[in-house]
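In the two complexes that follow, subunit A is the common piece, with subunit B as its partner first and subunit C second.
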Partner chain A sequence: MSEDDLYRTSTQYKFWSFTPESLAALRVDTNVAAAERVKAAIARHRAARRAEGHGAGSNGADTSASASDTDTDVDCLTPEEELRLVQYYSYSTLQSSAAIASKGFNIPIRVQATAVQYLKRFYLTNSPMTYHPKHIVPTALYFATKTENHSISVSAFAELAGQSEEKILASECLMFQVLRFNLDVRHPHRGLRGAYIELLALAAGEGAVVPGTGKTRQELQEELRRLPLKAHEPPAEQSDDAVQKRIGNAYALASNILKDSALLTDAYFHYTPSQVMFASLYLADSVLFSWYLDSKFPSGTAVPDPKFLKITVTIKRCAELLRDGAKAADFQTDASRQELKRIGKKLHFCQNPEKKDLEGLNRAAKRDGQVEGALDERERKRRKLERERNEQEGHELFGGTLKKE
Partner chain B sequence: MSRLAQRGGTAAATISTTALPMPSDDAICPVCKASRYWNSQVPMLMNPECYHKICKECVDRYFSHGPAPCPVAGCGKTLRRNRFRKQTFEDLQVEREIDIRKWLAGIFNRREDEFDSLKDYNDYLNQVEDWTYNLIQNIDVEATKKQINAYKEANQKDIAENVSLANQEHLTYEQRQAAEKQQARLRREAARREAEEERRIKEEGRNSILNKVASGEANLRDTNRVELKRASGRGPAKPQLTDPFLEDASKGAASPGFQIKGLKKRVQVAPEAPFDPFEGLLYKPQYHVVRDNYPWDFLDSTRKDIKHAAGGYDVAQYCARALCDAFSGLGVFIEDEIAAREGPPAPEVVEQAAAEAATSGISVDPKIKDDVF
Partner chain C sequence: MAMALSPAQYIAASANDKAVVAKAKALTILSNNANSKPSTTTTATADLSEQLNEETRNRYEKGRKLGEGTYAVVFKGHLKSDPASLVAIKKIKINANYKDGLAMDAIREIKFLQELSHPNIIALHAVFTSKNLQLNLVLEFLPRGDLEMLIRDPKNVHYGLADIKAWMVMLSRAVYFCHQNFVLHRDIKPNNLLIAEDGEVKLADFGLARSFADPYEKMTFEVITRWYRPPELLYKARHYSGAIDVWSVGTVFAELILRKPWMTGTTDIDQIDHICQNCGTPLEENWPGVSKLDNYVPPAPSAIHPIPNKATWLGNFGTVGPQGVDLLRRMVTLDPSKRITARGVLEHEWWISDPRPTKKEQLPKKGGGEEKMGEDLKRTGRDFEADGRVDKVARKLFP
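Right, the complex of A and B next:
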């Protein structure tokens, strides 16, 4: 079992990897389905309000307002607008974790990255029109602190995030379900450190050589010393310190890319963490990257390994995605601010009114729906019976309670 | 029928093959002609050699000086006094059959669970029953006895084992409890004795050291060591455990002439293999080789940090994991593999979905249909 097979066992590979086409198709499907639901829900909402208005004695202003409501057609978000919105809220997840860190609770990058990935996965099958991302972001972040073993009590987190506890917990169950209980997210961050320590070892002439590559560690060290600084430049003889510094710089740059544009693009859906990591290394120092990858494959052959070529192509494509993503993820420019404002306004009018109050829905979904009117009598009775039956079955499973003699 | 043959019979085969005396002369002793009719106090005894009945007084008189021939006219078998007993059943035929069956049951005491299948067990029982019938009906007695004795000799060990097994089973619960208690008591006593002995040895050792030191014979450290060594060498010898299976494996249940089919082989239970949580799955890195040490200050400082070491944090494992992460999935091309996995949807499915969507008016997406709210 090689490293690749190991990755193939992950849920990220099995359920959360897509080709660009299938991802786009999925997003369009989600958008279409959500738009239809939103339209139906808004129509119901309006009908209810109209009926209410009539029952209250129908004053003139109200009827005119409801009439105008009925007339306007609902203008739903397009898949592109949704994507932009999710991207913005991914960015805002990073921002808010930075804000929380400034208040004293440091959130490591793996937690942030997991939260962002939860958010993205959530909005693959759900639309921002159904559940507003501003409700989902704190939940995703809180949920990630738990799954990444960096936990904090919900009350403390709520205080840091400036939200109510109930609000954070309201959509937790929903998120758990939408994620299909796949809580493991593979990140490239630790992998980058692995590459870094191995490069350091190679530079010091202590690296372990992959069998079959046909090079000794001394040769590798020598090659690393004489690596050109930029592509298409003559080789430059460097001191060990300079090589070490170069590796350090590449690591720092790549690490920044992984913390930023790798999270805001769809790189996680299209590439494996290892490829994303190498892509960031390619962006940071392309010469070093090429040499490093090359050192993993047999040298001295006339024709390069086809797998090697394919990996290189894949990584370069991933690198392009990361580079473009960095540009697109800039939310500081005026143009993007304007755009987001417009989308936000549009979302305000096409928000599903039935899913707005997540806390209320959550309360209703719990035990018999103790909120008045949230659950009708029959449903409540049915749930009660079901619970009693489950209890009974549970007892039977373990032989029931002991009777006193 | 074969009275002559009986004389040459082995000691084990004490079952008579004589024609049994008629039940009519039951009431009268053939020796003293004392009739039960006249003296009902006199008990009649018989000997399983020939099943002739003689009154108790005559038995005492005739056989008090050792074995003697049967006093019944025309019998002449050598009888012993200690073999005489009271008749259990009125019918001597039954009495004799029971005796034969008892004797055979002691030899053929195999259990059902020793056989591979029920059929094998039944075949075995059938064979035993054939022999029993032969003995009872006096058919081929010599040959049958030979076979039985051959079986007995070949399977002595198994027979003895089964006998002891049966005995154990017959022990009632209370008896077993009592035996266990007795065992526990013995163990306790042995432990107590041992402790006492140890204490005594220690005491002696200490005394001798003190004496030696007092008399200035040796310095304290050396004597101490010697005494300790002496004490440690005096532990009770541990009984050597022998494996009963090993001895058994060398001897098969095979016997010349007759062989029981379908007997389970008593196999030695193999020692349990160590638990392998990965069930033979072996991780073999393809793109890297993990080293013990990596030249990074951060790792060194972590390795030295007592906070990490106390929790069992292993830097080497971190390095291995980081390197695995670096290359895990390097050669996985999602675009190809996912496309191949999903494949183009079958046309029927698409049509069906489209038809459903048209009738319901809502597009079907199983992923969104199931909502907690």
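Right, the complex of A and C next:
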């Protein structure tokens, strides 16, 4: 079985790989379905409140308020706005990880990366209008620490993340289900490390030679020394130290790309981990990348191997995606802040009222299966308080941030 | 290089939606009143994932209970559409003592079984949650019990060299496949080797499995049931490889030959003792670096057991022939870096020497396997593991 064959048996390939067209179509479907449900839910919600108002009778002010907001149409998020929001919360997942790390619990990149993919997969079939991302981020992160074998107790995590335990666990089952119980996420990070180690070995004249390429180790080492520093430049003549340094720089740059734009774009949905890895290397040092790939193919042929061309085209396409993604993922500019604020405000008015109280829903679901006595008074009060607190939080325009600043 | 770019295989979202919306409209508004308890079970607000889940759940019919433990209940079941296609449904209990959400064993088991599809690894057909959010794993039905059952019943079960070879090659293929997929099983032992109706051996219980660690990442040494645990774990190594599983395979091999567990330490120290006596005392000379492991205590010169010679091995395990003995010795080599790899195992000459492995359909069988499967699948959960954790609450995994 080749590596390709093995990859094709993964759930990432079978269930979470898409063409750009199919991915876009899926997002539109999700958006349309969620919008319909939100409108229906808000209508029910308003009707219920009106009914309450009539029943109470005395509270005239409240009744008129409910009546007036019946008239406003629900302005739902567009698929583009949803996408932008999810991208922001992917970014905020990485920020939260950094904040948690600064409090003493280091979260390795593979855990962060898995959490971001969980979040992105979650919102392929769910809309932020149904489940606000601010509730899903802590769960995605905690869930990823568990699935990536880096877990701590939920109480410790809750404290680090500045969240309630119940809140974190409330959507865990939901998330698991939405992920179709697929937990394994394949990342490009280890592959990059492998490429780095191999390049260093090649530079030292110790690299493994692919049979049939017709080159010796020494020739490969010599080529690396003479590799132009930039595309279209004449061959260089570099010391082994300089070559090593070049490889180190390329690795560091590529590594950073894999830590952000690879996670914030749709790269994982469209490309395999090795393609993403090579694309990051291409962006970091295109000459080095081209030489590296070329070294795996027979040399001195008149016509380039069609496989070589296909691979190059794919990787360049992936590199473009990563490059554009880096721009889009800059959330520090005023323009993007304004944009997010606007979307956040809009979301506040089109949030599905029936899905706001995730903890309550979770408790109810657990209750449904178990025979349980009536709630005691204190528990009922506690829940009511919690519900009110949640609603309060819902009123903050863009939600409570995951980390305390 | 992988060049996979698949078309969408996602279930179209829109197909069922219209019906759902219609149902939603028909529902009364009262259940959504803010003061009543929230309701999740109605299809009114069912998400795509809930619909998928319900579809999966409805595909199976739960039958009689095969076993029940503190961690899980195991049922016999079948596809509603085809009563002849049997499955085992393992329902994970909500553990009141476990406050950290979904149990780690269940997470690990599902994570790896979803990815590993191989004739010698138990198949996970589906996963669904029941209404109270309990996890249900729909597993391959393996009605012929496990290897332990066969080993421990010499009165009724007779088997020979060709049978051992058949079981061993199936186990070795499973382990190789795991390692090829960068997965360590970390709990190989005879009662995790279940037997299908046709005699095929299936590696089960991935509750302790994990992916290969990143360089320098620490792993827990508290894995693998003691009798099957390699010396590096007993010495508390925090970095290890597929060699740990190969050791376990070797101890299973020995157990198949002896028809009783080979090295039965009563404590971890006692287990080290057994290993020293049977495989030789680990020393810097035969295992460079061993003295740096945390739990290693240099033995008194008088207490050193030399590595047994070929004749001793042949004396104890000669029934499998010189090649078989050679393979066993390589599997239980003290130094993990010199131990044979899972791939090396499959390339060993024992497999092609006479006799050929028995055909799976002709392997010895025993009744009562359904209950045994229930027993095997329901075992107590091991929720905690110290891999890279900040708090050091590692539970003792084994008595």
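Things worth noting here:
One rule holds for everything that comes next: the second predicted complex is superposed on the first by the 364 of 405 C-alpha atoms of A that agree within 3 Å, B and C clash if a C-alpha of one lies under 4 Å from a C-alpha of the other, contacts with A are read in each partner's own complex, and residues count from 1 in each chain.
Operating definition for what follows: a contact is a pair of C-beta atoms (placed from the backbone, for glycine too) under 8 Å apart; a residue touches a chain by one contact, two chains touch by 3 or more.
Fair warning: this is a prediction, and the values are worked out from it, not measured in the lab.
Steric overlap between subunit B and subunit C is present once the structures are superposed on subunit A. In the superposed model, more residues of subunit A are touched by C than by the other of subunit B and subunit C. After overlaying the two complexes on the shared chain, residue contacts for A:181 are found with subunit C alone; subunit B is out of touch. Shared-chain residue A:190: touches subunit B and subunit C both.
By the touch criterion defined above, A:210 reaches subunit B but does not reach subunit C.
In the superposition on chain A, contact is made by A:169 with subunit C only, not with subunit B. In the superposition on chain A, no contact is made by A:79 with either subunit B or subunit C. In the superposition on chain A, contact of A:133 is made with neither subunit B nor subunit C. When both complexes are overlaid on chain A, the residue A:36 reaches subunit B and subunit C alike.
Looking at the shared chain after the overlay, A:201 reaches subunit B, while subunit C stays out of its contact range.
Within the superposed three-chain model, A:325 lies out of touch with both subunit B and subunit C [touch as defined at top].
In the three-chain superposition model, subunit A touches both subunit B and subunit C at residues 1, 3-4, 6-8, 13, 17-19, 22, 29-30, 32-33, 36-37, 125-126, 173-174, 177, 190, 193, 270-275, 278, 310-311, 314, 355, 361-362, 365. Considering their complex, residues 1, 3-4, 6-11, 13-15, 17-19, 22-23, 25-26, 29-30, 32-33, 36-37, 40-41, 44-45, 47-49, 51-52, 104-105, 108, 110, 124-126, 130, 142-143, 146-147, 149-156, 165, 168-169, 172-174, 176-178, 180-184, 190, 193, 270-275, 278, 310-311, 314, 352-355, 357, 360-362, 364-370, 387 of subunit A touch subunit C. Considering their complex, residues 281-291, 293-296, 299, 319, 321-335, 338-339, 342, 362-363, 365, 367-368, 370-373 of subunit B touch subunit A. Across the complex, subunit A is touched by residues 1-10, 12-14, 17, 21, 24-25, 29-30, 32-34, 37-41, 45, 47-50, 52-53, 94, 99-102, 104, 107-108, 110-112, 114-115, 117, 127, 129-135, 180-181, 210-211, 214-215, 217, 385, 387-391, 393 of subunit C. Interface residues of subunit A facing subunit B in the complex, by the touch rule stated above, are 1-4, 6-8, 13, 17-20, 22, 29-30, 32-34, 36-37, 125-126, 173-174, 177, 186, 188, 190-198, 200-201, 204, 206-211, 270-275, 277-278, 296, 307, 310-311, 314, 355, 358, 361-362, 365.
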